[in-house]
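Notes to accompany the following structure.
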C-alpha cells in the first residue's frame, strides 16, 4: 500500500465520513455523534502526526493525484507549508470539537451543526493539502458554502442577515478567485503549487495580464483573509456560536484566505516574479492599512466578540504583510503567524464563549471582576491577549519578531512602524479587558469563602479545558520557539524551501 | 421553376396567416385550427418539394412519407388539444385563453 | 560548572508564583516561600568567578544566560532587595485578604527582574523586561484606590509606549547584528545605517523604566501608591533594569557618540536637579523618595552619558555606574521600607527613635556624606567623569556636588516629614515583622556596597573614598546642605509656617498633558460608533427586501405578467424568428 | 449488444403500454420494472459507446439516405445516461409520491382500486363540473402517471438516438404530448390552463421546426444528420431553415423571452412530473438545437445569430433569477430558476460558435462545458423539484415565506436542496462547477469577456434565490401550526441521491467528459485540447 498516496485521502475522509454519518443521526444520539466526532478528529490528529514525522524527520512528501478534468488533476500534497495548516487544523479541530460538545449541550440542531462543522474542517484540510490551484479553489469554495449554515446556526433574523452578507462576500470573493484562476490557467495551463512559482515564462508576453490576475486572486482571497475593504463580513459573522467563531477566525475561513495569499505569492507567482511585477508593495500597503484600520476599529467596539473580530482583521493581515515582504525572515514571520495567530485567537474566542455561556457576558463593560470567579478562563484570555499584543515569551512575539526583521531585510523599514503601532493599539484594546477582568469590581456578589479565597465558579471543563490547552500551546509555541519541532522551525523549513529554489 | 415558387410562397403565406391567427385569436379552437393549418402549410411545401425533386418523372417519395407521418402526428396532436380544450371549458366555463389564467 | 543555575533562578519564583492559584494550603505555603524565591539568584550573584554563558537553544529564539561583572552587581542588588522586600511584604500584607494576589505579581515581577539580569541576549532580556513591566502593574494597583488606579493607568500607558520603542530599536539592532546576543547587538547598532534611530529608541525605551526626564511621569505616581515592599523594589531594583538595558545594549564604550552623550547628559542633569526641586515640594514621603530616585538616576545617567560620549571613560565609568546603582538600590529600598516601618511605630518612643535613626543613617548615605556608601559610590562615579570628554568634567565637577547639596536638603525634608507626619500610626500591627527585614537591609547596605569592589575585584577600592581629597569632596556638599537645613530649621522654629509654599503635584508635566489630552480626545462613546455603510451588506439586504416584499404578495411583477400574454409572446416569437432568419441570411 | 439502443426505446414504450393496459395501482409495478430496465439499458448503451465508440443502427436494414438510422455517439449516450439515472430516481420517488398524495373526500384511492378502473380520460373527479357524468369512478393520478411517464422516457430516448431530422420532429411531438398529459395529471384547473398553453406553444415551436425540416430537405434532399453534416449546407433555404428551427427550439427550450409557458407548466405539475420536465424535457429541445447547430448549420451559422442567442441567455439568467426571488411558491421559484439556467445553457452557443478562430480549441471546451452544465442541471433541478414535492406533500403548501424553520424538520431535504443549489451556482465541488469552469475557460480564451461577466454574475444571482430559501428554512422561529404529514423515506432518499449525483459528477468529471468526446463535432479541435 502506497501510504504517500493514501494518507492525504484518509486525512480528508477522516472528517468527511463522520460529517456524512452525523447528518443521518438524530439530535439525541449524543454518544454516537460524539464518538464519531472525537474519533474522526483523533484519527486526523494521529495522521497529522504521522505525516509531520514523515515530512520533518524523513523529508518525505505525501502526494495523491486524482483525475478530475481531461487535463486537470486534483492534487493533494503534504509538504512543510501544507503541514502547517494541516497540523493547525487537526489540533484545533480536536480541541474545538471538545469545546463545541460542551458548548452546544442541549441546544437544538446539533446534528446539523456538527455535520457542517466536520465538513468545514474537511474543506480546510483540503485547502491545506491542495497541491494545485484548482484543488485549492475547489476546497476554498466548498468552505464558503459549508460555513454558511454554521454562521446562521442560531437562526435569528440577525444571524440570517449576517449569513446573507457573509455569503455574498465569500461567494463574490470566490467569483474573483475563479476568474483569476481560470485566466491564469488559460495562459499557463494547469498551475500547480511549486516553490518559487512556475509561471515566469509568461512575464514577457503577458505582463499586464499577470498583474491583473494577481489582483483578482488576491482580491478573491482577500475577502476571506478580511483585508480592508473586504473585511466587513467578519464582524457580522460574529453572530455565530462561539465554537464557530473560534474556528472561523483561527483556522478555517480567514486562514484559508491568508494561506491562499501565501500560496499565490510564494508558490504560484514566486517571490521573484511578484517582485518583478511590482505587485508586492500594493499588497503590503493594503495589509498594513488593514492592520491599522482593524486595530482602530477594535478600539471602538465594546462587544467582546466584535472587538476580537476586528482584532482578527488586523492580525490576519500580518500574514499578508509578511508575504508581501521579500526575504526569508518575512517568510518565516508570515507562515509562522498562520499558526500562532490561530492558536492565540482561538483561545480568545473560547474564552469569549465561556464568558457568554457561563456569565452571559457579551460586552466588555460587563466583564468587570470576572477574573475573580473565573480565574482560569481569565488567565487563558490574558495569555491570548498578551500573545496578540506580541509580548514575549508568547507566540505572537515570535511572529512579530520575524516580521520586523523581514521588513528590514526587504528594505521596508516603514513596516516596523506598522508593527509597533499595531502592538501599541493591540495593547490599547486588550489591556483594558484584561484590567477589567482581573482588577475591576465584580458586578455580582462574590462569596468570600475563606479569608483569601473567592468562590470560584468556572465553566465546565469541556469549555475551560480547550481554552487552557490552546493558551498553553500559544505560550509554549513562543517559549520553545527555537525547539526543532516548534512551529517556528517548521516555518523556517518552509522559508528555506522558498528561498533556495531558483 | 415559377410554379414551385408560387406553391412555396403560398405555403409561406399560409404559415404566416396561421401564425397571425395563433397570436391574435383568443378562442382556443381558433388557435388549434391555426396550428393545424400551419401544419398544412408545411405539408404544402413538402409536396412542392417532392414535385420539384422529381427523378425520372417520379416525384420524390420521401416528402410524401413525411407528409403522411406529419398528418398522423397532427391528427393525434389536434385530438389531444381538443380534448384538453374541452376539459378547460368544462372546468372554467371559458372557451378563450385569458392571459390572467396563465399568470399563475 | 553551575549548569542551569539560571534555570533555577527563574524557575524558583515562577514555581512559587504558580503555586498560588491552587489555593488552600498550597497557596499559604507559597506565600511563606515568597521571601526565599530570590535565593538562587543570590547564590548566582555571589561567586567571584563569573560562570560561562549558557545557551538554551530551545528557549524562545535561542536564549543565552550568564552574568558579567556589571550584571553580577545588579544581580546582587536585585536579589538582596527582593529577598528583603519579600520578608517585609510577608508581614506588611499579613492582614491583607488579597495577599495572594500581591504575592503572585510580586513573584512574577521578581522573575522578570532577575531574568533580565541573567539574560545575555536581547530577546530573553526583552521577554523578562516585559514580564516584569506587566506584572508590576499588579503591584502598582494593588490597593485599588483611585490614586493607584490612575497611577496604574499612567504606568501601563508609558510601559506600552516603552515597549514600542524597545521593539522598534530591537528589530533594527538585531537585524543589523544578525544575532540577538548582547555583544553582537552593540556592534550591530554601530554598523547599522540607522544607528541613531536605534540608539534613540533604546534610550527612550529603557529610559522610561529608568525614569529619564521627560519620560519619568509615571514614576512619581506609581512608586508611592504601590504597597511599600513593592515601592522598594520598584524604586530600588526595577528602576535599574532600564539602566542595565542601556548598559547592556547601547554601544557604550565602543564608539564615541558625543551627540547622544550630550543629549543624555543634559537630560540627566535636568533630572538630577528637577528631581530634587520637585521632590522638595512633596508632602508624601514616598512621592518625595520617588522624585529622589529620578534625581539619583540622573546622577547615574550622567556617567552613562560620559561613556556614550567618550568610550575611553567607560571602563571606569561602568564600575562607578554599577556601584552607584548598588548603593542607590539598597539605600532607596531601605528608605522606602523605613517609611512603612514608621507607620507601625504607634506611640512607642523607642520604636520611633529607632526608625528615625535608621532612616537618618540611610538618608545621609543617600546624600553622600563621607564614610557612607554614597560617598564611595559617588567617588567611583566621578572617576569616570574625569576621563570623560573634554570640558565636561569642569561642569560636572561642580554641578554634581550642587545636586548633592540638593539631595541633602531633600533628605532633610524627608526626615522631617517622617518625624512630623508619619510616626505614631499603627497600620498593620506588624512592627516587628517589618522592622527586622528593614533593619537588616539598613545593616547590610553598608557592608555590601563597601565589600562589593573588593569581592568582585573591581578597579576601584573602597579606600579611595577615604583619601583626603575625596573625603572633602563628599563632605562639603553635605555640610552646605546641612547648613541650609539648619537655617530652615531655625526659621521654622522661630515662626512655624509652611516652608514650601508651592506644591507641584506628583507627575508634574503629566498634569498639563492629561489636561490637554482630555480636551483633544472625545469622550469615550457609550454607544457603538456608527459604521460607514457597507455596500455589500446593503446589496444583500436589498435583495432580501425584494424577496420579503414579494412574499407578502404586496407586489407582483408587471413584467412577468406582460411576458405571459399570448400576443406579446407571439410577437416576440415572430420577432426573434425574423431576426434569426435575417442574421442567418446576412453573412 | 448492438440492439441495446433499440431496447432503450422499446422497453419504456412496451412497459408504458403494459402499464396502461393493466391500469390501477399495479401499473406502478410495471412502471418500476420499466424504469429499472431502461436504466440498466441506458447504462449498457453508455458502456457500449464508451467501449466501442459510436453506435449506429439502420432501422429495418435500410441504408441511409433511404432508410432511417439510429445513432448514439458520446453526446447521445451522455444524455441517455443522464435520463436513465434521473429517470430512475424520479420513478422511485413517484412510487411513494402518488401513494402519499392525500386523497380528497372524493378521491379515495382504495375505492379506485376496488373498481379497478381509473384510467379513463373522462373519469372526472367528483367535484369537477363534469361530475354530472355521474361516474362513481375516481381519478387516480398514479395510474395514469406510469404509462405517460414511460412514454415520455421513450420519446426522450427516441430524440437522443434519432439521426434523422424528421424523425426528430416526431420524437419532439411525442415528447410534447406526453409532457402535457403529465402536467394535467391531477386535473387541477391551473394545471389544465398551463398545460393548454404549453401545448399550444410547443406545437407552434414544432411547426417552425417542421418548416425548417422541409426547407432543409429542399436544399439538401436528405434528412440524415450525418449526411447533412457532410453536405456543409450554405444555401438560402438552409439559412432560413436555421432561423426557423432555432426559434422553434428556443420556444420549446423556453429561452427567454419565449419562456412564458414554462413557469406555470412546470410548477403546476405533480412533483415527479415537474422534475422530469425541468430536468429532462427542456434538455430535449436544447439537445436538438445543439445537434443541428454544430453539425448541420456548422457552415451556415453566423456569429451574430450565436451572439444573439447568447444574449437572450444572458437576459434569461438575470430576469429568471429576479423572477425566481419574487415567487411566493417554491415550485414557481424553481421553475423560474429553470428559466435562468436555460439561459446558462445557451451561452454555450456563442462560446462554441464561430466567434474568432474557427479552429480554436475553446469551441470544444465550451461545447462540453455547456453539456456538462446540462447534465448537472438535470440532476440538480430534478432533486430540487422532488424536494419541493416532499415539502408540499408534508406541509400541504410550498409557500417560501412559510417554510420558516422547516430545516430542522427536513434536514436532508434542505441539505439536498443546498447541494443542488451549489451545482446550479456552479460552486465546486459539483458538476455545475465543471460546466461553468469549462465555459468560463472558453470565454476567457476566446476573449469574449462579456460572457465571462454574465457567467460569474449568474452564479451569484443563482446563489441569491437558493440561499434565500435556505436562510428562510434555517430560521429559528418555526412558522407552522400543524404537524407535517409523514413523508415516505424513499422520497427523501431519492431527493438526496439526485443531489448527491450532481455533486459526485463534479468530483470526477474526467470520464463523462471523455464520453462526450466520442463522435463529437470539432473532431479536428480535440487533438488540441488533448495536450
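Going in written order, the chains are labelled A, B, C and D, and every chain counts its residues from 1.
Following the convention adopted for this analysis, contacts are C-beta pairs under 8 Å (C-beta built on N, C-alpha and C of every residue); 3 or more make two chains touch, one makes a residue touch a chain.
Being a predicted model, the structure only gives us computed values, none of them experimental.
Chemist: Write down the chain pair with more C-beta contact pairs when B-D is set against B-C.
Modeler: It is B-D, judged by the count of C-beta pairs in contact.
Chemist: Relative to the centroid of every protein C-alpha atom displayed, which chain's own C-alpha centroid is closest?
Modeler: Central chain: A.
Chemist: Using Cα averages as centroids, what's the distance between subunit A and subunit B in whole Å?
Modeler: 67
Chemist: List the centre-to-centre spacing of subunit B and subunit D in whole Å, with centres computed as mean CA coordinates.
Modeler: Once rounded, the distance between the two centres reads 26 Å.
Chemist: Take the average of all CA coordinates in subunit B, do the same for subunit C, and state the distance between these two points in whole angstrom.
Modeler: Distance between chain centres, rounded to whole Å: 100 Å.
Chemist: Any idea how many Å lie between the Cα centroids of subunit C and subunit D?
Modeler: 78
Chemist: So which stretches of subunit D touch two or more other chains?
Modeler: 204, 260-261, 264, 468
Chemist: Considering subunit B alone, which of its residues make contact with at least two other chains?
Modeler: Within subunit B, the residues that touch at least two other chains are 19, 22, 97, 102-103.
Chemist: Multi-chain contacts only, two chains or more: what residues does subunit A have there?
Modeler: 164, 167-168, 172
Chemist: Which of the chains are touching one another, listed as pairs?
Modeler: Listed by label, chains in contact pair as A-C, A-D, B-C, B-D, C-D.
Chemist: Which residues of subunit C touch subunit B in their complex?
Modeler: Per the stated touch rule, the residues are 560-561, 564-567, 570-571, 573-574.
Chemist: With touch defined as at the start, can you tell me which subunit D residues reach subunit B in the complex?
Modeler: Answer in residue numbers: 121, 124, 128-130, 166, 169-170, 173, 176-177, 180-181, 184, 187, 189-190, 192-197, 199-200, 203-204, 207, 210-211, 213-215, 217-218, 221, 223, 260-261, 264, 267-268.
Chemist: Touching residues of subunit B toward subunit C in the complex: what are they?
Modeler: Residue positions touching the partner: 19, 22-24, 26, 97, 99, 102-103.
Chemist: Would you mind writing out the residues of subunit A in touch with subunit C in their complex?
Modeler: Touching subunit C from subunit A are residues 161, 164-165, 167-169, 172, 232-233, 236, 300-303, 375-376, 379, 386, 390-393, 397-398, 400-401, 404-405, 407-409, 413, 416-417, 419-421, 423-424, 427-428, 431, 435, 438-439, 448, 451-453, 456, 478-484, 488.
Chemist: Which residues of subunit C touch subunit A in their complex?
Modeler: Residues in contact with subunit A: 21, 23-24, 27, 57-63, 97-100, 123, 126-127, 130, 134, 138, 141, 144, 149, 156, 160-161, 163-164, 167-168, 170-172, 174-176, 194, 525, 528-529, 534, 536-537, 539-541, 543-544.
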